[in-house]
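Have a look at the structure below, then the notes.
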Amino acid sequence: MSDTGSASVLDRRPPASADGGVDMIQLLTPEGERVLGGTAADYVHYLDELTHDDLRGLYRDLVLVRRVDQEATALQRQGELGIWVSLLGQEASQIGCGRAMRRQDYAFPGYREHGIAWCRGIDPMELIGLFRGVDKGAWDPNAHNFHGYTIVIGNQVLLGVGYAMGVQRDGAVGTGDPDRDTAVVAFMGDGATAQGDVNEGFVFAAVNDSPIVFFCQNNQWAISEPNTRQTRIPIYRRADGFGFPGVRVDGNDVLAVYAVTRAMLDRARSGEGPSLIEAYTYRMGAHTTSDDPTKYRFAAEVEMWKLRDPIARFKAWLGHEGIADGAFFASVEEQADELAARLRAETVGMPDPEVGDIFEHVYVEPHRQVDDHYDQLRDYLDSFADEDGE
Amino acid sequence: MAVKEFKLPDPGEGLLEAEIVEWKVAVGDQVKVNDIVVEVETAKSLVELPIPWAGTVVALLAEVGQEVAVGTPIIQIDDGSGDSGAQAPGSRAGSEEGSAGRERAGSGSGASDSEEEPVKLLVGSGPKAEGTRRRARRVLAATEGVPDVAAAPAEPTEPAGRPGRPEPSSEPAAAPAQPAPTPEQTRALAKPPVRKLAKDLGVDLDTIAGSGAGGIVTRSDVESAAVARGAEPDRSGPAHPSSSLDSSVQRGTLGAPPEGVNSRGETRTPIKSVRKVTAQAMVASAFTAPHVTEWITVDVTETMRLVERLKADREFRDVKVTPLLILAKAMCLAVRRNPQINAAWDEAAQEIAVKHYVNLGIAAATPRGLMVPNIKDADLLSLRELAEAISTLTATAREGRTPPADMAGGTITITNVGVFGVDTGTPILNPGEAAIMAFGVIRKQPWVVTEDGVDAIAIRHVTTLGLSFDHRLVDGELGSRYLADVAALLEDPGRALVWG
Amino acid sequence: MAATRTTIAKALNAGLRRAMDRDPKVILTGEDIGKLGGVFRITEHLQKDFGEDRVIDAPLAESGIVGTAIGMALRGYRPVVEIQFDGFVYPGFDQIVSQLAKLHSRSRGHLKVPVVVRIPMGGGIGAVEHHSESNEAYFAHTLGLKVVFCSNPEDAYWMIQQAIECDDPVIFYEPKRRYHEKGEVDLEATEAPRGLFEARLLSEGADLTLAAYGPMVKTCMDAANAAATEGRSLEVIDLRSVSPLDIDALTTSVEKTRRLVVVHEASEFCGFGAEIAAAVTERCFYHLEAPVLRVTGYNAPYPASRLEEHFLPDLDRVLDAVDRSFAY
């Protein structure tokens, strides 16, 4: 491990506590044992609706999403992607939340929610273009009810609140029809909670009683800055100040995340207004492939969180309960290998974008100065003797 | 054996080189896709590199501790397939440069210095290497003003049908957009420096037919018009001392008034427009034709008396009569007696052209400079007609309205230095002519007059004529005779009757 | 044709009302626009008639107002945002340039954000700081946005409706010093007299072109009338749209008159006049008999109100520029 600089600075930072505190909702321990009683009691009934198929499906989701993430990281290291934003360690937060959402619910992600994208039916290849530099996230948001990735941190929260305000005006809240009542989930990280837009989003959602769940994945690190630089109070308790409920859930426990998210989505859909879920988890990898976390955190901390791995605990539980066996686990590995191979082949073969992409869709209706420049660039490129561009 | 080479990739961190820290595999090892094969160090952090293929390690191409540039092959894998190939084309720049290494992006230093560690960027692949050589452009049919090696920028194309615009060209690298002349275009098109030039020269831009594309008036159009038309309105202020041309040619100021005396105690005026054109003509003349100048001092008292009589004469009452008029007539008559002097040396055709007409040039002093309009067929004009022609010529020149035609075709010229009180000079030939007469000041001077064989000193009007001629075609005898004939006529205007 | 004589403020109100009548998806949001009807009364009575769901009194948070408006647009609505004063648009600047301008291209056309951001702009009202800004250059420079100015009641009435109908995001500037100036509007017409982005030739002239938008249009018309008494024939163009710029209207005029003076309240340095000067010079190089001149606010922050008459262009400064143009 490399020298991480000023020792005194790091000494002042407590290690990211794996103990989420007494308020943290947990249904499955890191060892894979079901938690009974306590705060879990309010949520455990949501598990009743999950069949064994559903549970095995959750496991498959977790493994495949991780596998995609690992393959994309490797592809980046091989020069096929310009950057990759890894969700390693956060799979349960995203699968648990994503599988709790209904078809008509709408997600406003940041840029790490590949697990939510997976749940919304977006093929992993549709994410690749953004990271390869081919596009800026070009899937059709309305086809999946999953908004494009937003890189300006926090912007998406206001968009989500506005969307929810639109849902209200559509009358799609509190009708009792489970396929019509719509909730919005706005995703953010721990760092985002300091951003003005996020706080304004809380204000607007609160005063409007909007049907929105604010889902914060607290992975303990905003690039190099820990929670103590973003908030003085645990994130879930900030909701209180804005006037709506906040709950912390063990983000590495897919069952708890599922249950809590179901509960808060129901709240929103029934017209009871916004809520904040803080999924307490850990960013096992770097902020992005351009980041070097050894510069600001201790390896020991990472090791500690490895012991709380979301997939390992769930696999252990599924095995104990007889819900899944070795053959199933092996078949999931096979599927993961196939998925990874397809991702690799399609990424490597992805064609470069056309020059026209610069100018098309800047506006819906024509714009003289854009059109002039499109013509200009075309003529300019035509003027070269060689065929191949740069 | 299908050997694939894995080159050190640019893993999106602005990485330009890395040090091999540890090989995780050895030759002969079997590897799966994404197995970590090597650990490299870059900017003080370790990066593990996964291999993109499955197969057998054939060779390790770099040693532990070695600094390797991005794009350098570091390991060879036999993937067991039929074809060998380089790294997949999707890779970034790392795959393009090969073992040639790559110029350090953004700096001109060579790749050898490894002391400076590049700062890892948080986002993006870092500065891309920019080309240092120019891509070849397609060569077009030469358009006006555009060099063959098309370096001109492509113009924005406009949709067809817009009035006054050129048709949209799919021709790349055409000349900068030039406006098509609209039918009702009565006002000139010209770029700002040309407009200023026209203004400075007192030339009305709208009366000039432009020779540029689309009717654009060019700088040379304006200069030609100015030379043709002569002066602009008189400028107030002192005439500036001219440059060092040693000539009796009338001089004038030229160009915009100097901005002011510069720090070295000089006033500098750029050489341009009329002065430039004039200078070029003079140089051409002076250094092409061997000039010889002869002088004759002559008693012109009779001419002066004639002038007084004509002034009082009813027929000449509304026209200006001066000694210059008499000289002009004398020169025409003398040409008739010495036709060979009214000629030109045509170097290009290698011929001497003797003109059978006299287009008499009168050098006009203007504040803009020397202009030499000529009177066509001066030898066919009566004295009165000649007087009118001289008046018109002078007035027109002063107003800057001399048509270009009047400036061309002269055959012999008078330059009147006498108005400045100068005795005489060594005039420089007007290009295309073989003789030029400097007409000096007429002064009252003591003169020896012989009457009835008795010599006496009398006060007479005396002047000096100076004739320069092109010695290639005018020898001393011809020149002398001509000069003498002119002088004789001024001395005794009645001689004109004798010579017819 | 029944022409009503009305003010810009009332024309905007009527235009908003008509838009809301015709399309139930049109929603207004902003500070104090509901009960109060807006600090300039532009949205007067609209909440009473259309309800609180369609005329929203928003929290005091411009980024939130703009961001939630975008979110509503994503849900299919046509939000019209009112920014209370030009100087207060900046907290919303990030949402405008990072999201509003870019969502359509970022999503490769999948998403449309037909949001109108109304901004009362400009000075000359004796206000305190931040209430007299001209910030159109920032938004014109952000491709993805369209930027327009109404200068008279008829344009106010029609342009606000056209902006609402436009599927692109529009920054809609209103000259607040002119809010209560009157003009003729045919409130019964069913079609707008001209396109939203077309420049308009207000008066023909032969000697020189004055180009302006928003509050300076009237100033230029006054200057042209004064110049006429001095024997100078000035052509006045109301640009109406800053992005896209109707460059053809400008070049057609300049090819005729050979001289151009641009007038705007914003500071000269990097102001929109610079774009006009560069674009016109490039296209009309051989026609121009003088450089394109700009009459603008000075290169300094907008001053305290007792100095604003020195800062802002007025008739005399416009005619001074005309004189300078003719001196070339």
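Labels A, B and C are assigned to the chains in the order they are written; within every chain, residues are numbered from 1.
We adopt the following convention: a contact is a pair of C-beta atoms (placed from the backbone, for glycine too) under 8 Å apart; a residue touches a chain by one contact, two chains touch by 3 or more.
Every value quoted in this text rests on a predicted model; they were computed, and no experiment measured them.
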Discussion item. With centres defined from CA atoms, tell me which chain sits nearest the overall protein centre.
Written reply: C
Practice prompt. Look at all chain centres (mean of CA atoms) and spot the one farthest from the centre of chain C.
Written response: B
Worksheet item: CA centre of chain A versus CA centre of chain C: separation in Å?
Response: 41
Item to complete: Report, in whole Å, the distance between the mean C-alpha point of chain A and the mean C-alpha point of chain B.
Response: 69
Practice prompt. Please work out the Cα centroid separation of chain B and chain C, and write it as a whole number of Å.
Written response: 48
Worksheet item: Which positions of chain B touch chain C when the two form their complex?
Response: 162-164, 177-179, 182, 187, 189-192, 195, 214, 216
Worksheet item: Where on chain C is chain B touching in the complex?
Response: 248, 252, 255, 258, 283, 285-289, 291, 328
Discussion item. Can you tell me which positions in chain A touch chain B when the two form their complex?
Written reply: 2, 70-71, 74, 76-83, 223, 287-292, 294-295, 341, 344, 347-350, 372-373, 375-376, 379-380, 382-386, 390
Worksheet item: Okay, in this complex, where on chain B does chain A touch?
Response: 9-13, 33-34, 43-50, 52, 88, 90-92, 94-95, 120-125, 131, 135-139, 150, 153-157, 169-170, 172-173
Worksheet item: Quick one: in the complex, what on chain C touches chain A?
Response: 27, 53-54, 58-59, 61, 63-64, 66-77, 91, 94-95, 98-99, 103-112, 143-144, 146, 166-168, 243-247
